[in-house]
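Structures for review follow.
Shared between the two complexes below is chain A, which pairs with chain B and chain C, respectively.
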Partner chain A sequence: MLEIRNIAKTFGTTPVLSNVSLQCKGGETLSVLGKSGCGKTTLLKIISGLMTPDAGTIAHNGNDLSHTPVEQRGIVYLSQEPLLFPHMTAAENISFGMRMRHRSKDEVAGATNDMLRALGLEDHGRKLPQALSGGQKQRVAFGRALLVEPKVLLLDEPFGSLDAGTREEMQQFYLHLTKTYGFAALFVTHDVKEALVTGTTFARMESGELTLFEDLDAFVNDPNGDVAKERLFWINLK
Partner chain B sequence: MKTLSGITFIVGIVVPALSAFVLSAVYATGFFHAQETSLMYFTELVENTRFLKSLGYTFLLATAVVVSSTFTALKIAQLLNRRMEIPSWFLLPFAIPPVVAAFFGFHLFSGVGLLSRIAHALGLISTPVDFPALVNDPFGIGTFASHFMLCMPFFLVYFIYLRNQPLLEQLEDTARALGASQKQVWHHIARPTLLHKSTPLLLVFFVFVLGTYEIPLLLGSQSVRAVVPVIVDQIKGYNLKAIPTGYAMALAYSVIIMLVAAVLSKKMNRQHGA
Partner chain C sequence: MLAALSVAATWEYPRLLPDVQLNLWSRVVVGGAGWSFLTSLQVALPVAVISLVLGFLSSYRLLGSRYRHVWLWMALIPFCTAPVILSLEMQYYFIRFGLTAQRIGVVIGQLLIGIPYATVLFSLFWNADRLKQEEAARTLGCSRLQIMQHIHIPAAGGIMKLVFAQLFLFSWFEYGMTQMLGVGQVQTLPVLIFRSTQEANLALAAGACVVLILLPVIFIIFTRKIVFR
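Entry: the complex of A and B
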């Protein structure tokens, strides 16, 4: 279980995160709904180790990870851009983590082919990223992350750059992956529907403060939340 | 606007280049110096190995300069911090024209040059003759070093600039999050990405070194000479009979460069997935 306690971060004199605490169990997806600039990306970068917090701790299954280097945390961060390595094929991108761990060639090839099949990309393994569509690139990015068997997956609006149809398809694909691989995940988005579709637990972030909800009802009925505003919009639509 | 730029390109670049090409071909057939046109000057190029040796030497020199400059600049870029402002003095070599670089190289590497004097002051040599031949030497060390001094700082600045781009930083962070060590990140992500993105620039420099004149003229080997000084000697020399051979060399050289550029750019496009 991922445990974050009292994380705080200030840029200059501007506080970005104020005492953020949360928990996320294996197999759970904590959907964090928040507008742009509310501190979501900073929180994910701190958890992944790409940024240092001013205060607070990060632990997984009781082990303090606060001072563990990025490469040893086992926490993978996926951003809006798939960030595939441009000089590697789709298969080489997917197998990157395993190759860095010096796994045997046979093991890497077997796992990569299995992953390509699971992603529905068995015919695209030899293609370079620029020859793939936006949805295919995100699938490769997911496959690359999952093959290193991460403790936690951090998703920073991963479908934000996709068109509506592909985005919906990728949300369903994500649900399929969570069921298959059972990883713990923090899914950050500003899209209400996406938060509801992908999350098993829910939180709202505003001006660097995180509010956790007990269940779906509490999240949906939050008077200050975007879900209530969205429902009101549809009710009042004539 | 597009039509205007197209016309400007055709009038400014294509027409003069084609005209020069046609003129070279006409000269090379001996039209202006003989009673009848002939291809003997082209066959002479193959029979007389001087041109082929010059061509081979020039390709070898350009390859050595670009490869060594690239790997030195990459190594320095690796050792420098990832986020670094480019110091203004790094840009100094760009202000130096090749002819100045050639004279600078001469004053640095010749028997009476700065390095020789330092060696003498340190008691390593007793006369300038004892200093190893670095200018007009058979291996082209002075030519190589002068080109290296021009190219390497440019490559370094370009690599630092590319490394400062947010995309490369994000790719490196992604690799680290996937478990790669700093060393692995450099070898598997930063270095190949820098090479991948700078291939067009490296090719342009390769062609630039192939075509340089002043540096090999002043510092180059006297036995096997770089191809451009040889061509200029043939065309500008007092021997009028050598002029068609010079034009035949120029034409053959241009065709070879165009073929090399076409093959390399095709290979590059394939690498970039175009």
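Entry: the complex of A and C
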């Protein structure tokens, strides 16, 4: 279980995160809904180790990760852009993490083929990233992340750059992956529907402060939340 | 024309072609073109390789730096003065450290232009996307060395070849600084050509010119896909 306690971060004189605490169990996706600039990306970068917090601790299954280097945390960060390595094929991108861990060639080849099948990309393994569509690239990025068996997956608006149709398809694909692989994930988004579809637990972030909800009802009925505003919009639509 | 001049025993007006004596080329080689070719290689290769490596690394180091633009602006300073003026400014230190009339001195002098030049060129390669790719790779468990070896260097293959070719050609054709710091003792091909011309040794000058442009022509043939893409 991922445990974050009292994380705080200030850029210059501007506080970006104020005493953020949360928990996320294996097999759970914590959906964090928040507008651009509310501190979502900073929170994820701190959890992954790419940024240092001013205060607070990060732990996984009771082990303090606060001072563990990024590459040893086992926490994979997926951003809005797939960030595939342009000189590697889809298959090479997917197997990248395993190859860096010096796994045997047979093991890497077997796992990569299985992952390509799971991603529905068995015919695209030899293609370079520039020959793939936006959705396919994001699938490869997921495959690359999952093959290193992360303790936690951090998703920073991963479908933000996709069109509405592909985005919906990818949300369903994400649910399929969570059921298959059972990883713990933090999914940050500014899209209400996406937060509802992908999350099993819910939180709202505003001006660097995180509000956790007990269940879906509490999240949906939050009077200050975007879900209520969105519902009101549809009710008043004539 | 240069090839014809290098084997011309006599070439009088109005004849279209000269009296050819192929054995004049032995004079070109004996006259120093062979040694000058080797000297040019001994200067240009280290200048190109060292500038490439240090330029690539220093440019990488500037990625994400708050003062990146200041450093890149400073890297342009060596180009504001001609190499010969730059070497005049540095000559005191070269004499002080016993580097004048030495190949190593000429190499060091040219590196002072080559490294900043490579740094500026590689700054086009290092952008925000590279930084994001690096961050993605680190969260996947990659060390910085693995990232350099498996991501950055292969991705930079094309620009590396181009920068290497440019640095090599800069050093290969450089005359002013080489003459100033080498005080005539480091006889690269351009130095030999100027000397032969001054001595009115046209066959040697023309032969050395042929040798001088031979390597760049080969370079262009091999790098044309990158250069003209």
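Everything below uses one rule, namely that the second predicted complex is superposed on the first by the 238 of 238 C-alpha atoms of A that agree within 3 Å, B and C clash if a C-alpha of one lies under 4 Å from a C-alpha of the other, contacts with A are read in each partner's own complex, and residues count from 1 in each chain.
The definition used in the following text is that contacts are C-beta pairs under 8 Å (C-beta built on N, C-alpha and C of every residue); 3 or more make two chains touch, one makes a residue touch a chain.
Source: prediction; values computed, not measured.
J.: Would chain B and chain C fit next to each other on chain A once aligned, or clash?
T.: Because the two structures are overlaid on the shared chain, the partners are seen to clash.
J.: Per the contact definition in the header, classify A:V220: touching chain B only (first), chain C only (second), both, or neither.
T.: The answer is neither, since A:V220 touches no partner chain.
J.: According to the stated criteria, A:A111 is in contact with first (chain B), second (chain C), both, or neither; which is it?
T.: Neither: A:A111 stays clear of chain B and chain C.
J.: A:A131 contacts which: chain B (first), chain C (second), both, neither?
T.: So A:A131 only meets chain B here.
J.: Looking at A:V148 after the superposition, I want to know if it touches chain B, chain C, both of them or none. Which is it: first, second, both, neither?
T.: Once the two structures are laid over each other on A, A:V148 reaches both partners.
J.: Contacts for A:M1 in the overlay, against chain B (first) and chain C (second): which applies, first, second, both or neither?
T.: Neither partner.
J.: Once the structures are lined up on chain A, find the stretch of chain B hitting chain C; candidates are 5-13, 23-31, 41-49 or 257-265.
T.: 257-265
J.: Which residues would you name on chain A as touching chain B in one complex and chain C in the other?
T.: Shared contact residues on chain A (touching chain B in one complex, chain C in the other): 48-50, 70-77, 79, 81, 83, 85-87, 96-97, 100-101, 144-145, 148.
J.: Which of the residues in chain C come into contact with chain A in the complex?
T.: So the residues of chain C touching chain A come out as 129, 132-133, 135-143, 146, 150-151, 154-155, 157.
J.: Give the list of chain A residues in touch with chain B in this complex.
T.: Against chain B, the touching part of chain A is residues 48-50, 69-77, 79, 81, 83, 85-87, 96-97, 100-101, 127-131, 144-145, 148.
J.: State the interface residues of chain A toward chain C in the complex, per the touch definition above.
T.: Where chain A meets chain C, its residues are 48-50, 70-79, 81, 83, 85-87, 96-97, 99-101, 144-145, 148, 154.
J.: In the complex of these two chains, what residues of chain B are touching chain A?
T.: Those in contact with chain A are residues 170-171, 173-181, 184, 188-189, 192-193, 196, 271-273.
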